[in-house]
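Below are structures written as structure tokens.
Presented sequentially are two complexes of chain A, the first with chain B as partner and the second with chain C.
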Partner chain A sequence: MGDESKKTLSKIPLLKTKAGPRDKELWPQRLKEEYISLIQYVQNNKKTDNDWFKLESNKEGTRWFGKCWFIHNLLKYEFDIEFDIPVTFPVTAPEIAIPELDGKTAKMYRGGKICLSDHFKPLWGKNVPKFGIAHAMALGLGPWLAVEVPDLIEKGVIKYKEKEQS
Partner chain B sequence: MTAVDWEEVKRLAADFQRAQLTSTSQVLSERNCVEIITKLIESNLLEVIFTTDGREYITPQYLLKEIKDELYVSRGRINLVELAKTLNVDLSHITARIPEIEKSSGCSIIMGQLINKNYQRTIAEEINERLQRDGQITTADLTKLYDLPGDFLQSVLERNLGKIIKAKQDKSDSRVFFTQAFIEKCKGIVKGALRALTRPTQVSAILEATDLQERDFYYAYDCLVEDKQTFGSLTARQGNATFIPQMYTKQQSDWVQNFYKQNGYLEYDALTRLGISDPVSFVRRNYSDLLHLPTCAVGSLLIDQIEAAVEDAISSNSFVDLMMIVPSIFSPDDVAKVLEAVMKRSKGKSAPLIFSDTVLISEGFVQEVLKPFTDKGIIQKKAQQAINDGSYIQLQMEKKLGRSLGKEKMDDNFDSKADKKEERRKKAGSGKSGGGTQGRETKTKAAPKKKGRSRKESGGSENEVIDKKLEFFTPEEVEGELSSNKNLEELEDSGVLTDFARHITPLLNKTTYETTARLFEETLVSGASQRRKAHVELENKLENWLLELKLTERSIKLFPFADTQSRLTASVLRMVGTEVVNAIFSYATSADGSSPVDPKQITAEMRTKLLADVNGDLHDALASLHKTLYGNSLEEFISSAEAALSLTGLLGRKSDKKKEKQFIHKRREYLLSELSIETTPALVLQLATLTLFQAATGHILQVSGKFVPTILAFLKPHLTDEENAILQAYQDKLLKLLSVDSEEMEAELKTILSEEMPKIKELATTYKKMIQKDN
Partner chain C sequence: MSSILNVAEEETSSNDSNTESSSNDNVSYIPHKLVHSDQCYSRLMALKRMGIVNNYEKIRKLCITIVGIGGVGSVAAEMLVRCGIGKIILFDYDQVEWSNMNRLFYQPRHIGLSKVEAAGLTLSSINPDVIIETHHMDITKVETYEFFLDSLETSGLTFGHPVDMVLSCVDNFEARMAINSACNEKNITWFESGVAENAVSGHIQMIVPGKTACFACAPPLMVSAGIDEKSIKKEGVCAASLPTTMGIISGFLVQNALKKLLQFGKVSDYLGYMALTDFFPTMTLKPNPFCQDNYCKIRQDEYKLNEKQQPPDNCEPAPSEDSVVHDDNTWGITLVSESEPEKSHEQDLSLPTGINREFTVDSLPCNEDEEVSVGEETLEDLQCKMKAL
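Our next item is the complex of A and B:
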């Protein structure tokens, strides 16, 4: 983990409540903390001109979806992302998937779920329940994109799509 | 509660969406900025300079300003490297700006340092202060002090000289600067020091005493030279220069002048002792007309003196040892040179001899020295000796031989021949008395006639060579002779006696050689007269012998028996004939110039040998003579002897009666006188018999004693019985005497014989008288 990412990570507020979607009582509390954390992270990103994703969830906050993008050689590559909150959340980290890249890279499970680095899981495990969705994004998807996308672009697997999104 | 929570969640989700929707603030990230600027720089739209850490950019104008500020802050001098560090800019950017700065503000870069005019002025002022304090300063000192290159400081100094810096530049060393005060001070010190000196002094010693720098000393000295206040001169400008005070030089030259005036010469050693390092050139510089010798220079005064002495010696026929005349410091080489010069001057006069380079001996003196040799007869003695021992003749022979061999060969063999000759001469000397020399003498006698002529023809040089060969005197001998001469004691003291002896030895030898030659000629002349005399004598003798033979022949014919006749003839031939033959042979063989053989020593064998040497008619004549000697006829012998004599030119007048008579008379006189003094009985009887025979027959007879009985028998008829008896008795007694064995008898007979002797003698003489009476 580089200095930059550490710095970024430290600016994401930590969570307190240990509750999954099944905990009727505490889940909203957890969800509130998730949102606060996410808002803060997004605001941080915006401030540093490093905004790289957009997320929204269903009413219950169990299913999340949105977009993420990566700028390479002054070109912006955009991908849809989606993931479910596992029932064992927050002990188990959410599995973020990029369905459109399913089968295009080896670093991916079936259904477009990204393979996270070896560091991720123990790090997450150590920080239960302090890490939330924002952390999963920053520690999981962010680095994956930085590593895989340039490689995929190079291989010609991903093609730049003009004005797909304004 | 839950509802409220969900409400809150809803609101938060809305907030989240809002947050996500707010446009991203257009803040350029650092990365972007760098990218943008890089792009701009790439497209030459922007000119900026990176700081060393790469985080900042500055414009060149700003950099210029900053550099100027920094320069001002650091009082006008700053190191570029330091500048780069403080401005946090790469050094290359700063160096790139330097020309601009130099142009705009009159700064300069010295050894990586930026220096402006202000700073130069500052150091100039500082230097001036230092100069005023110390009196002098060198660029080298300043270089150390300011850590700036000497050239730069030099230019600063020179630019400000007379403006800010009040000093003078050293003329000999532009890197040194003085204040006037300092120069004055040095001048004062040096002047004092130099004035105080009276002897040549090393500059280093002066420096030590005055505590001055060498440079300062020389500068001050130069100033003093300009002011003409140096009181002396320096030998050099280098480290071991010496200052020679004027006073010292003056005293030195005064001393030299005086010495020369007094003594007429200058000794280099003395000059060196005086402190003149190169006396020869010193003398040459100051005295033009001196004669330069190895150890000294001589003035005309002394040369004149020497010349006078030399001339005196020549004119007074004496010698002079110049070592005694010249000052004691003169070496023999010097004297030799002087002498050479003097001799050159007095060219044309007689050249005297010079020994040991210094001793001059006049020709006259040599003659004087040689005189005693002649007067005392040493030369004559030597010459006589040379002739006597044959070495002179030997030499002449050698010369003759050598000439015939040819000149080259002679040169080649010169040494070996000389040796051989020496050897031979020794042999000749030692074997003189022995008989073996006879042959050689024969040869040497033959030489002179031809030699006399050839010697005149030969060149002088050859003569000299010959002279050398014959060494009458050795130098040692001459030296010994000379050392006894009182006049030469002085020469001996000079140690040239040996040389002198060596010189005059050849002269002596030459004189002796001439003397020898003269003596030899004289000897030859006297020899010739002797020969003439001997010739006459021989002639007479031969004549007598022949006459005797003729007369004897006649006498022999008186004897009745042929046997007796032939026996007598043989005896006479053996006695007289041999003598005649030998005399003829001896004369004939010596006629060609060789020395005569002693006639008495010639034997029959020698005669045959001699015969072989003789040629022509003479040979035949001598051969027949030799033969007739052993013949039986006196007549034949006489005729052949006469023939031989006529050939050899010995036959004089013809015999005549008168002469014969005279001869007979003489003969009788001779016989009578012999008889009167003779005491031996046998001889008395023989003489008496012969006398009686002559008286009886009027013919002479010359026979040996064994014919006495025969003659007595022949005489019997001519004598009286009494006389015959006396003779017979005496003869018998004689015969008895020969056959007796006892001594008594012998003595007795002898007394009887001697007693009867007067009787016999009387008989012989009286018989003669009787005959005369008869006649």
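Our next item is the complex of A and C:
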């Protein structure tokens, strides 16, 4: 991990409550922490002119969806993202998926779940329950996009879509 | 999405079992195992006559749940079905794809079918005596996990009774943790299995809740490839697989499941396989009293209490004399393996050669001002705020 990403990571508030979606009493508390941490992370990104995703969840906070985007050669490439909060969360991280890229890259599991680096899972495991969704985005999806998207563009697997420019 | 197959109806009044036509016009309700079981099970019942397995017929009363029926699970299911298991329950959410064809079991004609459907069809045609129940679902999701728990508790061979064992043949940490917490909660013995993404190592691990370490008791183990890990290039690929490694792990898995359920031989608590060097480390893992899974701790207390009240279990042989117990060993790991090559420098000395922890828990110190502070805002407020960003 570079110094810059370490700095970004250190500014994401850590979470306190160890509770998954089956924990009726404590899950709402954990969910609040998730939102506060995510809001802070998005605000940090906006401040440093590095806003790169938008997320929302269902009322229960068990299913998340939104968009992420990546700028390459001044063009903006946008993708829909989604994931479920597994019953074993936060011991296990959410598995972020980009369904529209399913089958287009080997760095993906079925359903478009991104293939994370060997460093991600141990790092997450060491930081249970302090890491949350914002950390999964910063450590999982962010680096994945940075490596895979330029490669997919170069290979012609993904093409710039005019209408996405808003 | 769920179904029970029991296509046991190809019987005719004659006993010419060569007729393979399964014409549905000939549906007969004579229990057909009486007619051809002599031939089908003769080599299995010979195990009993030879004194290897004293109660082989018990297998007809057993129910095993298999989660994940890919390269390992499908082959394990076929082995159990050919052994004449009473009932198997299959869970999987995947479809058969071309990229699965380098493994055993599925065939090109299955492509596009769900794995449970394809497996159900094949398995019931191999042995119609077996009750096969299939569920096309991902058990790690909140909505389906409850169903899975319920199934473990009530879907045994006799309705309302628990299943006898679970075999985990999944390929990811999330699903293993979900199976682990379910089996701890319902107190069901299970086997974890895995093949590394480099396709040249694998393992099986028996978990008896409260007695042996559960999957959450310590950071996950990994069996090394037996070569310099840094020489394995992972750019541009997620996972490799070989039918050989998967078939071997399936065989180890079902062999040890049979030994445990039919009480013969010695069951390995943990068995690793390093294909490049043909090295098979084994060990025993004791549960962690500080396990993060609360049901694990409950089962540990129950086990200790039971142990005090009952004489030691006779069916399991005493540990071999050459086993080593490390007193300073946090996870209570006992080495059973003796024929070990030289240990490498990075080796965790409490584990046999070739087995390592994926990480160690040395939690980073944490300042309170780095933590979230939850104010008066409601969840709805926060959800709106996030949306408006």
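The working rule: the second predicted complex is superposed on the first by the 165 of 166 C-alpha atoms of A that agree within 3 Å, B and C clash if a C-alpha of one lies under 4 Å from a C-alpha of the other, contacts with A are read in each partner's own complex, and residues count from 1 in each chain.
As a working rule, a contact is a pair of C-beta atoms (placed from the backbone, for glycine too) under 8 Å apart; a residue touches a chain by one contact, two chains touch by 3 or more.
Just so it is clear, the model here is predicted, and its values are computed rather than measured.
Visitor: Given the superposition on chain A, are chain B and chain C in a clash or a fit?
Guide: Chain B and chain C clash in the superposed model.
Visitor: Between chain C and chain B, which one touches more residues of chain A when both complexes sit on the common chain A?
Guide: After superposing on chain A, more of chain A is contacted by C.
Visitor: Now for A:Thr48: first (chain B), second (chain C), both, or neither, which partner does it touch?
Guide: first
Visitor: Per the contact definition in the header, classify A:Asn127: touching chain B only (first), chain C only (second), both, or neither.
Guide: second
Visitor: Once chain A of both complexes is superposed, is A:Leu152 in touch with chain B (first), chain C (second), both, or neither?
Guide: neither
Visitor: For A:Cys68, using the defined touch cut-off, is the partner it touches chain B, chain C, both, or neither? Pick first, second, both or neither.
Guide: So A:Cys68 meets neither chain B nor chain C here.
Visitor: So, does A:Ala19 touch the first partner chain B, the second partner chain C, both, or neither?
Guide: Neither chain B nor chain C is touched by A:Ala19.
Visitor: First (chain B), second (chain C), both or neither: which does A:Leu141 touch?
Guide: Neither partner.
Visitor: Where does A:Glu95 make contact in the superposed view: on chain B (first), on chain C (second), on both, or on neither?
Guide: A:Glu95 contacts chain C only, not chain B.
Visitor: Per the contact definition in the header, classify A:Glu56: touching chain B only (first), chain C only (second), both, or neither.
Guide: After superposition on chain A, A:Glu56 lies in contact with both partners, chain B and chain C.
Visitor: In the superposed arrangement, which partner chain does A:Leu38 touch: chain B (first), chain C (second), both, or neither?
Guide: both
Visitor: Return the residues of chain A at which the contacts from chain B and from chain C coincide.
Guide: 28-29, 31-32, 35-36, 38-39, 42-43, 46, 54-57, 59, 61
Visitor: Provide the residue numbers of chain A that touch chain B in the complex, in ascending order.
Guide: Going by the criterion above, the answer is residues 24-25, 28-29, 31-32, 35-36, 38-39, 42-43, 45-51, 54-57, 59, 61.
Visitor: Which of the residues in chain C come into contact with chain A in the complex?
Guide: Listed in rising order, the residues are 94-95, 97, 140-142, 145, 172-174, 177-178, 181, 216, 219-220, 234, 236-238, 292, 358-364, 366, 370-374, 377, 379, 382-383, 385-387, 389.
Visitor: Give the list of chain A residues in touch with chain C in this complex.
Guide: 10, 13-16, 21-22, 28-29, 31-33, 35-40, 42-43, 46, 54-57, 59-62, 84-88, 91-92, 95, 106-110, 115, 118, 121-123, 125-128, 130
Visitor: If we count contacts the way the header does, which residues on chain B are in touch with chain A in the complex?
Guide: Per the touch definition, chain B meets chain A at residues 2, 5-6, 8-10, 12-13, 15-17, 19-20, 22, 24-29, 32.
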